[in-house]
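In the two complexes below, subunit A is the common chain; its partner is subunit B in one and subunit C in the other.
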Partner chain A sequence: MTARTEAGLGNLFGQGLLLAGRNIRLNSIADTVSTMVIFPIIFVFGFLALFGNLLSVRGIDYAQFLPPAIVVQWMFSVAITAAFFAASDRRSGMLARYRALAINRGAVVVGRMAADSVRAVLAIAVIVATGYVAGFRFQAGPLAALGFVALSVAFALTISAGTSALGLASRDPESVSSTLHVIYLPLLMVSSAFVPADAFPGWIEPVVRHQPVTAVLDALRALAEGGPTAGPVVKALAWMAGLLAVFSAAAVQAFRRAT
Partner chain B sequence: MNGGGVEVEGLRKVFGDKTAVDEVSFTVEPGAVVGLLGPNGAGKTTVINCLSTLLPLDGGRASVAGHDVAGDPSGVRASIALTGQFAAVDDVLTGRQNLVLFGRLLKLGKAEAAARAGELLTGFGLADAADQPVKSYSGGMRRRLDLAASLVVSRPVIFLDEPTTGLDPVGRQEMWDVVASLREKGVTLLLTTQYLEEADRLADRIVLIDDGKVVAEGTPGELKKQVGGQVCEVRAEPPEDALRALRGKVDNVEESGGLIVVRDADGGTLADVVAALRERGVEADDIRLRRPTLDEAFIALTGHERKETAS
Partner chain C sequence: MSTLAETGLLAGRNLRRFVKSPQLVADSVMFPVILLFLMLLVFGELVGQASRGAYIDRLAPVIVLFSAAYGAVGTGVGFFADLRGGIADRFRAMDIGRLPVLAGRIAADLARAVLVGAFTTAVAYAVGFRFSQGPLAVLAFFAVVAMFAWIFLWLAVVVALSASSEQAVSGALNTPVTLLLFLSSGFVPVEQFPGWLQPVVRANPLSLAGDALVGLSSGGAVLVPVLFTAAWAVAATAILAPLAVRLYR
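What follows is the complex of A and B.
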């Protein structure tokens, strides 16, 4: 009973893991087979059917081009779900309960990140497996493939920090997630996700080329296809580091204020 | 587990341009039960949130079980159990899973956490529903599980924020029994409530707060006294006749809900009332002298009626 229950890395990870287990159990209610498996398959084959022929005229192997886009789309979905649960925990009083409990201050964050990572990895596995059926291949070796997964998960966690800041500041999970959809859909559409940047009209092309989602997509495609990877990966990491700094400051602020 | 009191001195909390808690001071002696009573929006929950380290203070100081809230928040957290305003338990988990999780978070071993969960489930009358998901629980069951979750590890000081809000009469009674049993164990209890009856019943002392300020403090009996003497109630048909008979003969007469009420009364007033009624030949069905209710005390002390809330 006298054991220290707040300070130390042991508490951080021990309690973080317990909370991750709790979060995954809660997630598993929201994640059905249809959202985790069938939707990605529909997206991969649906877009392939729509744009595959069109883009092969431009010399693009769409089965290779598309899966990273679906991965990025799903990383957004992971982040939006994270915000949904953050707002739910605030509304239900769960967050206040954890904050008043003699547990490590960071355990709630570690628990959230771990659960989000598990969902991200699951989604990546489903999408990549579907992609393989369609003709997608990791052409740059296992290390680059691992980098692909790591970068995707890191991207999910980065945007989760931002979405969670919003979620923590709200008590309304539904409105937070619909607001976030309004932000993420244009970001994804106006990126090189589904068609290359040079397919956009001239006036918007610079926006497409220089926004963070495109940077992440370029890095993921480079990791999947091989060729020069350092440049795009560094650019993506720089974007993510910047976003993470802003997002995590906002999330910590919101976390401290949440009652 | 005695030895933990709560001391609050000049506590202030400001949200934007609204002062939610203004110079609030009170003390909870170790082992005492103090009720923070006030209408919705009075600042009760904000006080609890400040004391449980969820919100930083904007002024004043507070200590819980000897730990300063600002200087030693982890010491405070290790001394308190907080049961917030909403039953904060996970719906999709079972009652048992909820309690085991809290036990494990507070570093009980697996077996110990399971044993403690079983003990609490039995003690709170939840043994039959222990392995059902919480979403199938009634409001009263959820609230009891919520309280059980904060008692997984014993703490000297317990904060209960509106423990019976939203419960039906049966659920409320069950919660009251649980609180009574905690009090017998000698824990220090600070509870908030909008229900005067509840404060009257559970608390040794009441701190009445309104609009962020303490407006009165004392035992339930003292507060009632502070409002003035007793109340003389006259039941007569029709009440207007009795009212006419009493006007001018005794002070502080009014009609209230079909009864004639004379406030700040004593034995002499009672005699005057009887005499005045007899003089006019008004027959009363019932005349009695009683102490004011806390509802009446509230109106007298805050100047307005207790607000009814939808939640």
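What follows is the complex of A and C.
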């Protein structure tokens, strides 16, 4: 028999929010102000100081070019933290406890996603504010700016599904996050994040142009700068839909198997 | 037992713990190598056009230094775990000095930094990095790496001794290490920085040690950057070592 507290949308979201609160409180102990606030600032100004001059020679306004890249970097970081907590919830037995409770199963997922979204929005706010100081501007109006935030959060949630699958499959939070760092670094760097695709050696340019992180970055830059946005946004959404399908299937599998 | 023998024993313990953890070895070896290839790929063309000489001549030493500094974060976290895990209390109860516990940790991680550096430069040979200044310069190269690591290891020990949680240790160490990396002449020549930042970039120990390493591997000024790096090391020792010993008591 199913308890009254298990079924229904009301339970799903009510309990989901409750769990999100728990996840956020856990996060705020673990990652200090430094990772959420100081680090994005260091990265924006650090990359600007390093490569601003080099790229302005090529006619690129780096203050406008860079913030979307830092946003994407932090979306990865949100997803890696999600994996860390998925693995520690499994190791500490919290996951098993959730299963034993008369709660909606989906609420665990909703709680995770809501907590990740809060972290993502916070990071975006810090990075965009820092970007504004450096010279970044949303040039295509408030609607496009909202689209920028929504697309970034959607990207964070998409990869969180994948990283959480890995986190749930493991019991070791530290090794999951160090493995994920090794995967994410090449994905981010071999994209148009920090330098445009044509600054790469010719043989790797096709890879840079046609990988999902570049697609998301192109869409974010289009939303920030204006110009033709539909094409890049559709391409990014298509990539994310595909990835989400694979990742969420994997996450559901891992969630079922995790004990 | 003498302080030296005790230090050696404790350093041996720490090194064995490192070597026996495949995770740690993979992390500390893989990270610099991945970073080396990625930086070369992403920024090689861009920076190569703006600076003299091949980018790898400059990049390989910087990656070695960065991984030494970054390795110190691991030192801090590991030492913090020792302090909280009870082994430090066990050492206190034993008939050994206070200093060897600190020195053993630092000696082991110095060895680790040099080993990781040797591995990184060996890999960098595949993409064009060369030692062209003779065998003595190679030895001096790794001596500078150790000197540079020394600064950060004492910092890591002090942070571990005064922090309240593991996250606080890595947070407090990651921030200065990352800042130092960005504000160094390692990745791009110092002339590429905004004018007001250039003095900071020049005084950065990572820039100075980087210049010394470039001089010792592919040629260039050696004496002045080595002296400045040594000055940093002396200053760090004078301030941080007594502080660490006091905090440990």
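In this section, the second predicted complex is superposed on the first by the 256 of 259 C-alpha atoms of A that agree within 3 Å, B and C clash if a C-alpha of one lies under 4 Å from a C-alpha of the other, contacts with A are read in each partner's own complex, and residues count from 1 in each chain.
Rule of thumb we're sticking to: contacts are C-beta pairs under 8 Å (C-beta built on N, C-alpha and C of every residue); 3 or more make two chains touch, one makes a residue touch a chain.
From a predicted model like this one, the values you see are computed outputs, not experimental measurements.
Visitor: By residue count, is subunit A touched more by subunit B or by subunit C?
Guide: Larger number of subunit A residues touched: C.
Visitor: One more residue to check, A:Gly93. First (subunit B), second (subunit C), both or neither?
Guide: After superposing on A, A:Gly93 lies in contact with subunit B but is clear of subunit C.
Visitor: Please indicate which partner A:Thr5 is in contact with in the superposed arrangement: first for subunit B, second for subunit C, both, or neither.
Guide: first
Visitor: Taking the superposition on A as described, I'd like to know which of subunit B and subunit C A:Leu55 touches: first, second, both or neither.
Guide: So A:Leu55 only meets subunit C here.
Visitor: Figure out whether A:Ala199 sits in contact with subunit B (first) or subunit C (second), or with both, or with neither.
Guide: Touch status of A:Ala199: second partner only.
Visitor: Which of the two partners, first being subunit B and second being subunit C, lies in contact with A:Leu185: first, second, both, or neither?
Guide: second
Visitor: Would you check which partner chain A:Gln253 touches, where first means subunit B only, second means subunit C only, and both and neither mean what they say?
Guide: A:Gln253: touches no partner chain.
Visitor: Identify the residues of subunit A that lie in both the subunit B contact region and the subunit C contact region.
Guide: 29
Visitor: Using the touch definition up top, name the residues of subunit C that touch subunit A in the complex.
Guide: Listed in rising order, the residues are 23, 27, 30-31, 34-35, 38-39, 41-47, 50, 167-168, 171-172, 174-175, 178-179, 181-183, 187-188, 192-194, 197.
Visitor: Under the definition above, what is the set of subunit A residues touching subunit C in their complex?
Guide: Going by the criterion above, the answer is residues 29-32, 34-35, 38-39, 42-43, 45-47, 49-55, 57, 174-175, 178, 182, 185-186, 189-190, 194-195, 199-201, 204.
Visitor: Once bound in the complex, which stretches of subunit A touch subunit B?
Guide: Listed in rising order, the residues of subunit A that touch subunit B are 1, 3, 5-7, 11, 14-15, 18-19, 22, 25-26, 29, 91-94, 96-97, 99-103, 107, 257, 259.
Visitor: Inside the complex, what are the residues of subunit B that reach subunit A?
Guide: Within the complex, subunit B contacts subunit A at residues 49, 52-55, 74, 77-78, 80, 82, 84-90, 92-93, 101-102, 104-107, 149-150, 153-154.
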